[in-house]
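All chains are identified by letter, namely A, B, C and D, in their written order; residue positions are counted from 1 within each chain.
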Amino acid sequence: MTTETTLQNFVKRYTEIRQHSVDICKPLEIEDYVVQPIVDVSPPKWHLGHTTWFFETFILIPNVPGYEVFDTQYNFVFNSYYETVGARVIRTDRGNLSRPSVSDVYKYRKYVDEKMQNFLTSDLMNENIEALLELGLNHEQQHQELLLTDIKFILGHNPLFPVYKKEIKEQKKFYKHSEMIQFFEGIYEIGFEGEGFCFDNELGRHKVYLNDFEISQQLITNGEYLEFMNAKGYSDFRHWHAEGWDWVKQNNAKSPLYWHFIEGKWMYYTLEGLQEIDLDEPLCHINFFEASAFASWKEMRLPTEAEWEVASTHFEWGKRWEWTNSAYLPYPGFKKEAGAVGEYNGKFMVNQTVLRGASEATPAGHSRNTYRNFFPTHLQWQFTGIRLAK
Amino acid sequence: MTTETTLQNFVKRYTEIRQHSVDICKPLEIEDYVVQPIVDVSPPKWHLGHTTWFFETFILIPNVPGYEVFDTQYNFVFNSYYETVGARVIRTDRGNLSRPSVSDVYKYRKYVDEKMQNFLTSDLMNENIEALLELGLNHEQQHQELLLTDIKFILGHNPLFPVYKKEIKEQKKFYKHSEMIQFFEGIYEIGFEGEGFCFDNELGRHKVYLNDFEISQQLITNGEYLEFMNAKGYSDFRHWHAEGWDWVKQNNAKSPLYWHFIEGKWMYYTLEGLQEIDLDEPLCHINFFEASAFASWKEMRLPTEAEWEVASTHFEWGKRWEWTNSAYLPYPGFKKEAGAVGEYNGKFMVNQTVLRGASEATPAGHSRNTYRNFFPTHLQWQFTGIRLAK
Amino acid sequence: MTTETTLQNFVKRYTEIRQHSVDICKPLEIEDYVVQPIVDVSPPKWHLGHTTWFFETFILIPNVPGYEVFDTQYNFVFNSYYETVGARVIRTDRGNLSRPSVSDVYKYRKYVDEKMQNFLTSDLMNENIEALLELGLNHEQQHQELLLTDIKFILGHNPLFPVYKKEIKEQKKFYKHSEMIQFFEGIYEIGFEGEGFCFDNELGRHKVYLNDFEISQQLITNGEYLEFMNAKGYSDFRHWHAEGWDWVKQNNAKSPLYWHFIEGKWMYYTLEGLQEIDLDEPLCHINFFEASAFASWKEMRLPTEAEWEVASTHFEWGKRWEWTNSAYLPYPGFKKEAGAVGEYNGKFMVNQTVLRGASEATPAGHSRNTYRNFFPTHLQWQFTGIRLAK
Amino acid sequence: MTTETTLQNFVKRYTEIRQHSVDICKPLEIEDYVVQPIVDVSPPKWHLGHTTWFFETFILIPNVPGYEVFDTQYNFVFNSYYETVGARVIRTDRGNLSRPSVSDVYKYRKYVDEKMQNFLTSDLMNENIEALLELGLNHEQQHQELLLTDIKFILGHNPLFPVYKKEIKEQKKFYKHSEMIQFFEGIYEIGFEGEGFCFDNELGRHKVYLNDFEISQQLITNGEYLEFMNAKGYSDFRHWHAEGWDWVKQNNAKSPLYWHFIEGKWMYYTLEGLQEIDLDEPLCHINFFEASAFASWKEMRLPTEAEWEVASTHFEWGKRWEWTNSAYLPYPGFKKEAGAVGEYNGKFMVNQTVLRGASEATPAGHSRNTYRNFFPTHLQWQFTGIRLAK
């Protein structure tokens, strides 16, 4: 049984977080909601529908007696990868579906939001459902970040380079000096502990043994990365993993994503449109291979996720998701939950790499220093950056 | 110098034909204009832009002094395959472009239409331009048919099976008896001659020598094709070309495009939505391999294009594009025109097969019995049918 | 009932033709018999086994009471594309099979040859089998040519450029002047008629109507083709079919197969090893796209197969398979035979192009001026050349 | 300066190890040396040439004044992935090269072996070269194991299932009971230390903190795995990583590699030919996805590489390479060596998984309990098995 204030708080948080997804899409044309230029990017209307489907499928349907599903076909269209819940739509197909229309997706959101708001203040609520609700809200926040990264990809790969929003707030430019912070060999603890929400992959606070290490106080800037490019970093195989070098050659890679060399100057696509590179800004949109090659060129390395977490109270983070040199693997004692919710994290624990921190695209309050983000090593389209260690 | 009545006629035809493209798109949601489910299908907004770009590029820019291009980027976006005019957009990219928006594309049409209407009644017109204008209008009509086929593909591959238009007019069902018409061995003439527009690939009326042949008065119906399916026609390699048999196995082909076996019944997607198969209607949406395999099963064959043209005054045609067994090759004396217009037909004269007639999706007045349509042998998405010969 | 002399002749022809396949392979190392560098090339030991399998399967098994199959697994390994006879080995797999060994394949040949020689002089022979025997011998001759083209490909794509045979006989170099032969409009006849063997695709001698045409007396030489290359023929899209232009760009094509630009000189791989280009020799190893582009650059065209056949008594042919501009389609009245033998030709009559004549690699006596060879348009590895028409 | 006895020992070890590669190939037909059925498998003659090239390139050329290279082209043919040494042959091409012939490769081995034997007893030897020599010998031993795995793949994918050798020695069958060994939480040390050879990736013995864990004394048997198969383990997505589940569906996977269900019985291809499954033998030829799914079905997990190494003195190992749940990553303080030798290990430290132990195919004396073998997660062709932990 949940107290009434808590319930009111849930309604408030639910409403605010759900509204934020809608706000992110405000600057879009209807056409922008529909396309899927590469398999990793989803159409914005799919994100809006999928996050709604999550609440309908995992909270309303099992808990609200007599709940009427908005449209029985939507399970097929908006499920992502929950094998337990039904046949999965092949991801590449998302960009082929002109229907449901954007307007229908917003109707779907409205319908589910009303049902959820009623439910959250009803006496049907209980603690198990609270945990699911928290998961749903954090899930929505993850997709808010993906919305921004995917919108940037969609507009940034259009030859007209449309502006997303002009009033994107200015970066503070404080990335001038890079100092190393020192840590000494010994036993440390990592992993989530305490109150509040976390994902299952953060659970199981446990001891790790670390050797002496140093980690940089600041992120690598565009200017520093440009030095690597000018030093022919993309042509020198010695700095690259074998798989990274194959990636460079197959893609004829020469710069971070969104960078264009136009009339003698390096420009990049930003959400405010095409602009000249700001040399003092933290570097963005590089993949793990590029991050590793840069570190090798600097005769340093990327930190492990344990080093990062231990050190994280000593530096500012949150501008870029920071590539670590840790594979995404279970913590000691990790157990998948039963049912569809158990598919959230565990089944991805192979051939992916951990990113730590958060980025400008991460919704406020969504991350923590135990948060374990993860992506395959070749992807550039997230707001990723580099912090060095040695 | 063109007379004033002719000019007024041009304006009228131009306006009517241009309006027809817009009319075809009226039932669409904005989202439907944007997607490209397979490489052969183009997004409707691309068709609307591309046909407009044709008039701007080949008529307005070279002939109207001081003409201001609507948007210099559009040449990149709306060119299709005219190597002479500039870098080609790779076809697969069309479905990734959310901009220009549908509304911008309609502004583009309006802008070009006004300039064209002024130009057509000005004293800048002359006979060379008339020929180009005719080509542009016929080009627009070809894309009107593609608009319909592509809209059908987009909606027909959406799991919600949206209706395009309810008032599509009813088929007359007169396809009951199939009689063979006989022709005797000898010299015949084929190819275009006389007044009026034709494409360059129809030119050069010439003699051909035909053997005795018979050709069917009527098209194959759904019911007749269903007999072939029920006789396991899709599992018997003896009826198929080797390449067709590979296509069957790779695609696990079992029926024409848009057919679905649902709860014990054969249904198909039509522009009016999902419906039960009408057994008396002429078969539609089969590729050349299927047409040939059906003919083989019937112990008949497909007609050559010369046979079809010679016989065409003796039967009704225009419901379906009819697969012939003729490869698309130049007529004797065929010459490509110089410049971009010369790229219209000649460069496709390899590895494609001729279709004759017209279909329900063809704009009224666009076809003739010398018209040579052509597509690769594996494609099903046009309104294609079967007429047998022996 | 076949007379004894005829039977003796059959044994002689059978023995000579079978021996010729073995002779072609004499210069090979065992390793050369095994590899398959591209899907179109078969390992030499596969050719030796497959031609043997043909006699075993279509003659010995059905006609010799109590015949014992050499190895029951060989049907699986050496069948090529006869759907009627059993599961087909996927072509790409041929190069993965180290067994049966070369020595086993030769044992297989010996075994079948002995059984065949006994059979051919027995009273089991009859006229139906004679026809099959002729087909089998012509089939073996076709594979003799493929043996040479495939051996050339295997050795010519090895970085050591091994010599096949030094004593390959010298070309007569008489290709100096190119004169056009004129033909007048009218009815002509083409197709096979008379005694002797022909393939089913040549049958049905029939009338065709040809317009005035001219055809060149001589084949295009390497020197003439080099002029096209030097005139940037491979960079000018106007001469190419759209599909050909895609081929040029995807393969970065710049010259015929086997040509290499080494230290300032054009060299080519020949069966005698790497040599400097002989400018007076007839051009070899170009595909249909290259042949068409060259013709376009010369402001001429390729002949149709009917033109070629009608004119063929007026020029020397046999050095190169000559690309025509005719698609490979059935002659009027063409009928596939029943059973596996009917799969020989008919099922390939789509998306292939006719070549006429013969080449240096064709066994003596194997070709005729009604012979219809055919290949897909992108392939270069046959001994192909160019004769122009207009 | 190296003492004479040491030098004699080097000659002895060099000679024995080199001879062992030749012995492994003794049962082969020449044809078996040439083919490459999948990209991960190399032709046996390539292994024989590549290991020879290693000694020629890294020892003889830089250290023997006036050394004459056996064939300058061989660097191109037998280099594997040393970017520093020259242009790399694309791996897929290895199976297309019929030359150098097997006999030439053996001549190459003989030539280099003589030069090496002379060199090893000369006064040109020194300690740096000793280290390289050790690397070269261990490199040869790694390829001896690959020779066996690749030969098994080549013969095991031939429809004739040829026998490699009949006298392969019998397994001891002691895998009856599976007991768990317990370890307690605390600091442990892993990594190589002391005398003798090890690879650079084992260096840097260091402390790790382990939680309580249990590890099985014995490997999983065929019988235990068959229970998983019979319990529909290959059809239940809940046990699989998402990437593993995709692998199952794309490959229609149903059993370990080399298993065939023939006439109601499970058979497998072994180096002695096709045989009935031995239920008591340790399971072999499963990939990481299968190992993980099996562990999940057993409600256990795979050990980490640190757990394995710590526990390894308490169980027998060496029958199968054992999949761990550790990604292949650098140990603390890992540094790549300069030059080509530095490419040996470090550049593969991404998206691969560690295997520990050794297998029946590993040359005697080649492995140790700090040895870090690694492969991508989808590969089955090594002699891999499963040990469980919890």
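Note that a contact is a pair of C-beta atoms (placed from the backbone, for glycine too) under 8 Å apart; a residue touches a chain by one contact, two chains touch by 3 or more.
Since the model is a prediction, treat every value here as computed from it, not as a measurement.
Trainee: Going chain by chain, each one touching the next, work out the least steps from subunit B to subunit D.
Mentor: 2
Trainee: If you check the contacts of subunit C and subunit D, which chains show up for both?
Mentor: none
Trainee: If you average the CA atoms of subunit A and of subunit B, how far apart do the two points sit, in angstrom?
Mentor: 45
Trainee: Quick check: how many Å separate the C-alpha centres of subunit A and subunit C?
Mentor: 58
Trainee: Hey, how far is the Cα centre of subunit A from the one of subunit D, in Å?
Mentor: 37
Trainee: I need the residues of subunit A touching at least two other chains; which ones are they?
Mentor: Subunit A, residues with two or more chain partners: not present.
Trainee: How is the touch graph of the chains shaped: line, ring, star, complete or other?
Mentor: ring
Trainee: Hey, which residues of subunit D end up touching subunit A in the complex?
Mentor: It is residues 81, 83-84, 185, 187, 206-209, 211, 237-238, 240-245, 288-289, 292, 301, 325-327, 329-330, 332-333, 347-351, 353, 377 of subunit D that touch subunit A.
Trainee: Mind listing the subunit B positions that touch subunit A in their complex?
Mentor: Answer in residue numbers: 29-37, 45, 73, 76-77, 95-102, 154-155, 157-160, 162.
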